[in-house]
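Two complexes are shown next, each including subunit A; its partner changes from subunit B in the first to subunit C in the second.
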Partner chain A sequence: MWSCKLSTGTVYAADKEPRTEHRVLVLVAFEIDALCACKILQYLFQCDHVLYTIVPVTGKQDLERAFVEHSEGVQVCLLMKEDDLENIPEFRDVFLEDESDEDDLDNDSDDPETGQKKRRFDEAALIKRMEKRKWEENRKKILFEYTEFSGYGLSSSLLLYDMAWKMSKDTNDLLWLAIIGVTEQYINQHVERDKYMESIAELQPHVSRLNHRPDDEESSISIDCLKVMFDNELRLTMYRHWSLFESLCHSEYTTCKFKIWTMKGRKRLHEFLADMGLPLVQCKQKFTSMDVSYKESVKDLFKKFQDKYSINEQDLFLPSFHAQYGYKNRYCATDVIYASEAVLQDVEKEYSDSDNFLHTLDLLNRSKTECMEKGIEMAKIQLSALVKQVQSFLDANLVISAGPFLYAFVQEGTPDVKFFAKPINLARLARFTLEAYCCVSRNKKVKTLPFVLGAHHNSDMGTMLVIGIPPVLDKSLKNCFGKAFEQAAATTNSRTLHDFFDSHIIELKSEDRSKFFDALISLLQ
Partner chain B sequence: MSLIRHSLYVGVVEKPPPPPLTEEQYGEMEPKYPEGGHYLSVLRPHGDDCVRQVFEEMRALFEQNQQDVEKALDGAQAEMFPGIRMRHAALERNKRCVLAYVYNRLQKIAQMRWEFGSVLPADIKYNLAEQEVQWFIKYTKCLATYMRSVRAEGGLDLTQDLKPPKSLYIEVRCLMDHGEFETQDGGVILLKKNSQHFLLRSECEHLIRQGVLEHSVH
Partner chain C sequence: MDPSEVEFISEKESISIVPNFSLDKIYLIGGDVGPFNPGLQLDVPLWIAVNLKQRQKCRIIAPDWMDVEILEEKKQEEQESKFFTKMPCDYYMEITQLLLQHAPDNIPKADEIRMLVKDIWDLRIAKLRSSIDIFVKSDVTHAMLNYLTLMELNTVRPFLTKALDHIQQLRNNVSYGAALWSSQD
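Up next is the complex of A and B:
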């Protein structure tokens, strides 16, 4: 949604002197990047005393409803969402609507003029009509090409941070939010690595600028202040708050690399740890309680032995940032993302979606450390469920090739099915499963196949969530399923709901599953 | 606040008053002011029953004393006097306690005028005695008259900003569906559960007190 880009610019462009009588309505999607952007915006608005209303929206219908409800007396509306389509067709190709033409036509046909003039007009009109028909065909083609693939653009929190910086209102806290937003895009594979590195390179000068302190006593600051530091992080999920062993068993890359779900894979992991000289006892206890000498050398050891185990450095290490405040709180950007996504996707029945939204906003508040700790624990539970699910997919050979794509279903009655009824978790499960399947499968071709995953969603409605993701080898991360789902549903009259902002996730009536998939197969062949 | 401890005179009077109070009943008669509790639990129903019992006790004590005094005057029985004095002291004590109870309640009610404004929530009003309601109305009138007289043009609302505010605007979260809310400049805001708003502090202060909004602190 490029409206975000346009409108955020305009609030401040139009209101050089922020006028308080304007109330801004901010609609925020359920994505961490959007939440971070929303928090940055909140800060900016508060600085300038701009009145605002923030409403979380889960999907397109919700967006429409919220807009109708809250739009009274609102001058500016902002939509916080991270995805952004590239190669936006030119305005005149899509919206050009020559109304004067039509008027001319009507007027002239009523005109009781001489035949000659009429004829001449007809010629001109015919040419015009032909042009118009051509233009319309062209428009259809452009629009189809535009919507055929969907992808993600620049992180909106980075965009807003940039704006804050240009207004000289940037702080370390805002910078940290921007970092989280950027990292979330990469973790959820919304952008490729090059783009992520570009953003990181853009953020790094800001980090050094805002965290630069001379060493003398005078300029030392309180330990409670936020300090952000650049680091080449290990891509092990939340290892600082877990044990090294558990983290190795729950990180996408290491699990797939060692094929941890097989006996042989487990042995290999043990061998790896033994090679590095890390005792199992140390690895299995909390990372914080590990022997200091081991703790400090973990990164070097991984680096030293990565070649022997043919581990790709790019996959194991991620240039990222971590934040430190107080004595105890040290989080790297990915920790925050896992924790906040777990809270955002909380399956507790007593909390509604918007409750989860507020809890996540609280979590991103640095002052509420207990929220963060709770979030980390929840993330561990959800991640364990996810790994178990991947294992059961592989053990029971539930990933099936349909020809043009692979597919799998999380059946109703699976113990942790409730976790996968949420789009972010489902997407993560899909990526993890595909990655794991590609590692196990002997067939080389699977790496070029996209993957469709369905999960039971709502038993009252009898619906399931279906997500499609691009193949492992496709690094451009362009997703063709949005349009494909739409067409498959249209040709078979399946009852689907394209409500999510991500077009490659839909809700489908479970009964219509087989005919929908038949159509999808024939469509993608 | 402790109210009544009658155990002193029991045993001294020859005939104890008809309804002997048990320990549990004493407990019931004490109005409780839990610290840091919700405002609803602060003001309990006016203890009509409790106060009436105290009055009955006082009447019994008084009658007993009356009889004894007459006897003492007639027969000049000197051994009656300590008993009479004892009962008199108990009477005085009961009086003090009842007055303190009434006074404390009034203080609380006055405080509520500052917190809730001139209209009390229904559940609190229900707990007030008729006289207390009357007193509240008078107090409100007094305060209103004073506030009108403070400044020449239209007076000054003293109940606002009891603590000095840090900013003109605050961020609030909606805790329940409240419906539409009209702001001072005529704009309309829909207060829907879990939406967040940046509003004038003075406008939403009373909504925060009512529990519709919650001030979110960063």
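Up next is the complex of A and C:
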């Protein structure tokens, strides 16, 4: 994100007048946070008539290609991606001015007269060479430590919203986009809860400032204006747009808590709902058609009965925001994230990646409500496929312990397999499977084991996607698999592509699978 | 004329804004605008106001007639009168549309205003339709309507002119046929 900070200096110069003769190239990664940041930036550019080009990039190769293609006449280039800002090594530790090369050249010259001098030169040169070698080793060590664990830093949409606010160009719409970006980081477990709470605390005053409405008749606002409100949301996936029962069966926490894939689990869930006084028939119909009294009491009922069923309040409730515009459209931040990720990873053959990117940008443009509804339907389909896959993993005992980690492969041939060829869905499947397996397994050790998941990616090229995630009990969310994958691939000469921005996801030739995994096992012992 | 053309013409109307930036007077072909000072109200053409609002550079102040009580009175007047009454602004429909689309947060009680303006529009169009009906049936050669706005006029113009053309043609055919008959007798 330091490339973004650079831009604040160049495009928006000290006197706050934008330089319109510059053209900005914005490269956006395929993540919702990056897309929200891109939309905020787009709005700011449009306000100030700055010329810009947006190019979506799926991986590092894409990034290079796009940069080379579009960099004519471009003054500033921005990369929208979350990155780890901590532990960046010092500049002088990594980059060295090339003065020492000149001395090396001098050493080759043979001068008998200054033979004495040459020996002294030799000594000085030797000392310099030793220092350089020591410095090189130190540099290698620092870089290894830096790349050993991959993590995520500040949300880019929050950063850009801050910038917009400082330029007094912030609106409710930009605030809503920043909220979505921040929530996406937490939902996809890129940041810990503390960091998420910090960001929420930062956004809360903005929300009150921009959505403060005096309650008198005189200044009532149009119903079409966006209203953002803070709420302690129930962490049930899209429950307002689905039925309560379906939502309970597709949310990670409740599914694992009740073990919905077993008959006993389902019975327990029915018991839970009956205990709360919610008739099963009502729970199975669309949430919006439930009786008003039940709808309003859902949250309180959950709170009341959480102790009896040992539900952790922190996991069931999430302080978040929801937006309302028009009479029908009421979405909480997590709904928008699921819908937009579903559209971003649409597996329809007729849509290319950039088409999906543009559709998702449309969805984030809140005036297009039909895009949002379509996205929600797609999210439901993808989530059902995910839960079914988890169920088949557990039923067929496909999660195997390989010593230092657990692993599983998505069986080819099932029709849903195409959903898991996309990185975000794959990551979600991995987390869900690990969580579910830890609930089912009697072995206490599994909660400390990381998990590696492989899924079929491209049948023409015979490749598969492999992702590694940290163990359930590891709260620091530091992922060591990036480096581990690299080293395993290097030692076995497996044909891998470390193209994704997330280093813990790689593409691997299916034939090299077994030797790659053997190397990985021995590496992580 | 296209409705978009009528909207374009209506954008020349003057409206009050409060800018948040400063700029000297600008000399445009259509007239001079400015100078802009942050926090000080001034009048600008509607197209400038909408553009500035979209770029977050100003706050639009609703015109005087865009008030719930005034519009309710007007609606009452329109309902009671047999003829068209004078509208508070010749371009009331277009201005309402543009302002409520781009600056609903600056207009107090935007929803009621939208409903009232739509009601007034419906009343007037209904009156127009019935008067056209009477005009055609009573076979007169001309009619006079006062206080009709450009937008209302242009909603009926294409249909009315074509319809009258057809009627004329049919009449001509009828009279030609009658002439033939009489000549044959």
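Following the convention adopted for this analysis, the second predicted complex is superposed on the first by the 495 of 525 C-alpha atoms of A that agree within 3 Å, B and C clash if a C-alpha of one lies under 4 Å from a C-alpha of the other, contacts with A are read in each partner's own complex, and residues count from 1 in each chain.
Throughout what follows, a contact is a pair of C-beta atoms (placed from the backbone, for glycine too) under 8 Å apart; a residue touches a chain by one contact, two chains touch by 3 or more.
Nothing here was measured: the structure is a model prediction, and the numbers come from that model.
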item	value
Partner chain in contact with A:Cys225 - subunit B first, subunit C second, else both or neither	second
Dominant toucher of subunit A (residue count), subunit B or subunit C	B
First, second, both or neither for A:Phe287, with subunit B first and subunit C second	neither
First (subunit B), second (subunit C), both or neither touched by A:Ile54	first
Contacts of A:Ser354 with subunit B and subunit C, given as first, second, both or neither	first
Partner chain(s) touched by A:Arg23 [first = subunit B, second = subunit C, both, neither]	first
Partner chain in contact with A:Gln46 - subunit B first, subunit C second, else both or neither	both
First, second, both or neither for A:Phe517, with subunit B first and subunit C second	neither
Set intersection of subunit A contacts, subunit C complex versus subunit B complex	46
Touching residues (chain side subunit A, partner subunit C) in the complex	46-48, 168-169, 171, 218-225
For the subunit B and subunit A complex, residues of the former touching the latter	168-169, 171, 173, 185, 187-190, 192-199, 218
Subunit A-facing residues of subunit C, complex	20, 54-57, 100, 104-105, 107-111, 114
Residues of subunit A that touch subunit B when the two form their complex	21, 23, 42, 45-46, 49-56, 69-70, 72-73, 352, 354-355, 357-358, 365, 367
